[in-house]
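Order as written gives the chain letters A, B and C; numbering starts at 1 within each chain.
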Amino acid sequence: MGQKKGGSGDSEVARPISLTLVVEVLRGVAQVDFMPSAVCGLFFVAALFAAGWPYGVYGLLGSALGTAVASGLRLARGAVEAGLHGYNGCLVALGCAVFLGPGHPATVAVAVLGVAVAVVVTAGLGAVLDTWKLPALTAPFCLVATATTVAAPGFRQLWHGAGAPAALAAPAAGPTGLTWDQLWHGFFANIGQIFFMPQWYVGLLFLAGIFAASRPAGLLACAGSATGLLTAWALGAPAAAVGQGLLGYSGVLVAMALCGVFVAADGWSAAYAVLGAAAATVLTPALGAVTAPFGGHAFTWPFVLTTMLFLAAVPAIPRLRRI
Amino acid sequence: MGQKKGGSGDSEVARPISLTLVVEVLRGVAQVDFMPSAVCGLFFVAALFAAGWPYGVYGLLGSALGTAVASGLRLARGAVEAGLHGYNGCLVALGCAVFLGPGHPATVAVAVLGVAVAVVVTAGLGAVLDTWKLPALTAPFCLVATATTVAAPGFRQLWHGAGAPAALAAPAAGPTGLTWDQLWHGFFANIGQIFFMPQWYVGLLFLAGIFAASRPAGLLACAGSATGLLTAWALGAPAAAVGQGLLGYSGVLVAMALCGVFVAADGWSAAYAVLGAAAATVLTPALGAVTAPFGGHAFTWPFVLTTMLFLAAVPAIPRLRRI
Amino acid sequence: MGQKKGGSGDSEVARPISLTLVVEVLRGVAQVDFMPSAVCGLFFVAALFAAGWPYGVYGLLGSALGTAVASGLRLARGAVEAGLHGYNGCLVALGCAVFLGPGHPATVAVAVLGVAVAVVVTAGLGAVLDTWKLPALTAPFCLVATATTVAAPGFRQLWHGAGAPAALAAPAAGPTGLTWDQLWHGFFANIGQIFFMPQWYVGLLFLAGIFAASRPAGLLACAGSATGLLTAWALGAPAAAVGQGLLGYSGVLVAMALCGVFVAADGWSAAYAVLGAAAATVLTPALGAVTAPFGGHAFTWPFVLTTMLFLAAVPAIPRLRRI
């Protein structure tokens, strides 16, 4: 979802075409966390395989297919090279595997269709948002994944679940005091849940990848995760959900986006990023409740909505500087 | 919902005012399928009367009222002449008749209010979308019809149904293998459902009208219908719904819009149109599920959302040319 | 939510800073009804205290905090002076008190967070809408309040209600014929419900405040309230809800916005305002039904959506003149 174009340590000179492709595809995976870095992408792919090999395969092929479709349609070369047509494809394919089951032929078919559509949506939304110099972030993924998962129960080849996924949201239940394990698991799981993965060690691998690409970005990811934990705990979110990273994943992305990636990093933007991360944490159960009656998921909608509004405000705030 | 302005065979010279009005109103009906042709409009009105005389009356008067309100407000003459203020009025009035019952006085009142509001919404949305040279399509109708049908149970003069229309969507049930009858009925019903009509012969009359106005447009309508049928069948949609055209109607409009109406017709745009029609077919049960908990309907929202995003992407895709 | 900048009778010369602040905060409260007038704000605060002292405190401090945050971020001085960063804060804080209970520490915390976020959202949405010279109206409040109230059941410190607030909307029940008491109570309650208050005498105080700032605005508020009553009664809304102002509050704001505040007042804009107020009245139960399954509220969304579309259309309508 990033915008940065220069690679971080990936030199561009005289590289064979196949290697160029590999680099673009890996950058596509890394751009889910704004990092235009193939090294970071390697860490991320490793994290997905650590969670389960089908996830690694779907994520990698999703980025590859998105990049290929964008190249085939002759979209702007710079964006393709930076991996900006890979990250939505990666997430769309991965989401199909996670929510529809990786082993069904129809899952593959709808993932291919979804990745192709996500490339078009990225271009279309990009053109619309360009009016205000706003990035599309993961909005293309959120749109396609929401449509696909909500449509799935209507198609018997796509839906293998026992009952209906649609339900009215119920008020929070269970204890809210975090155990030590829930606290540190949650800290890493917040980073893993960006790719739908709740395991702490998977989150740790993702975090290592971010640090490998950029130390400041890694620190901001940590700050976003901590803000999410603190906000969720203070307002009394169920501890079990907090420990699985279900409250804080959008905060991680918001913090990175608002301090360093799209806004120049300084004290003011750090405070802005913390405010944004707290807002996204409150927004997460709200979007869970909004989408529950039609069997949807919050995905990274809280990140997308918060970041877009906060970025749109930046030109009006003399304290902050857009990059 | 079209944009084409020159009439197809309707000469403009020295025509008495009353005839001008009739031509504008008939073009208004025809513009539901993008055709600025009074001959096509005659076929469409015949199709509505074939489905039931109240539908013909509501559709025709809806187009007439929309055209009259737009003239009264002095909106741009060219758009009024092309029928571009008739098609949303036609659909709004028809939708009131279909969903609230044509015989109640309050249905007439809310239809009149809805058509007038639709003219304003068309102008307002048109001004907003003009930033990206995007057409309003049937979005004004979808907005007004969604508001009206969702509000209806809250008003005792508007709602004569037995129970509450709001319900959570249930997973698809029933057989998915299409019989031969369901296949060819569905092919025509996809075209009829644009006007809410499930009968195959009504769809056939609509298709004849499109062919009367433009042979390429007729072929694209057929391609869109076929894409809808194929996608719905492959993913396992219930055969009964497919046979009534409930999955494929948006695909028909998407295919026409993306190849010939708003994008120059060639091999690339044909492929683009097929991709869009398939996407809209998946989106249709998704929007059915989203709107079910508040008693709404998918209407042509799948067409509107898919076409807008696909059209917004066109300037970024060198393979395609916007017209 | 207004745009008018010159104060009405509040002279700007040589005023001590503390008084300036008081004036800005009171104007912030008054801008909920578009009035950049501290005198009007005094009436409004009195009305809130008449409804219950916690409401007065939350409303006043909400406006003060919004104004302070905007000043701290160095947002455009003219807008801050006109009270344009107070009204959304006032409504956000008040909404927290009304829907989450004023006496809980977490309500205070989330109100502070919400008011700060509302300032950012006002700036962000303002920048986006400026493309079409559209005002943000109460959209920032509606966004923040919807997110907060829908998220609340997910947080055990925020939610003290007995059961789940999420439910499917049921069709209207009960008598629809208005008694004389319901009629005149509803007339004033329509104005009070803009601040969530159903008492007729509270609404009367608000109306007095509007008249104190501007006689034409007061008349338009009355016309909007009457249009709401008439539309709701004619279509058969439940009389009990009409008498509490639950159908007509958006109509009051729409009428003021479309005749006098944002569109030059004349016969055409008066008719336009009545059409808009009627449309907003129908939209109100629709948005109630849309938000019910996720435990949301219609808030002033009907006013925001109707007014934005009607204002966007104004440049296309030669009969009307935008101010």
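We take it that a residue touches a chain if its C-beta (ideal position, glycine included) is under 8 Å from a C-beta of that chain, and two chains touch if they have at least 3 such contacts.
Not measured: the values here are computed from a predicted model.
Simply put, subunit B must spin 120° to overlay its Cα atoms on subunit C, rounded in steps of 5. Both subunit A and subunit C derive from one sequence, and where they touch, under half of the residue numbers involved are common to the two copies. One inter-chain figure worth recording: subunit A and subunit C are separated by 35 Å, centre to centre, where each centre is the mean of the chain's CA atoms. Annotation for subunit B: residues touching 2 or more other chains are 131, 168, 293. Chain contact summary for the complex, subunit B toward subunit A: residues 131-132, 168-172, 176, 232, 234-238, 275, 278-279, 282-286, 288-290, 292-293, 308-313, 315-319.
Within the complex, the subunit C residues that touch subunit A are 73-76, 106, 109-110, 113, 116-117, 120-121, 123-128, 131, 143, 146-148, 150-151, 153-159, 161, 163-168, 293-296.
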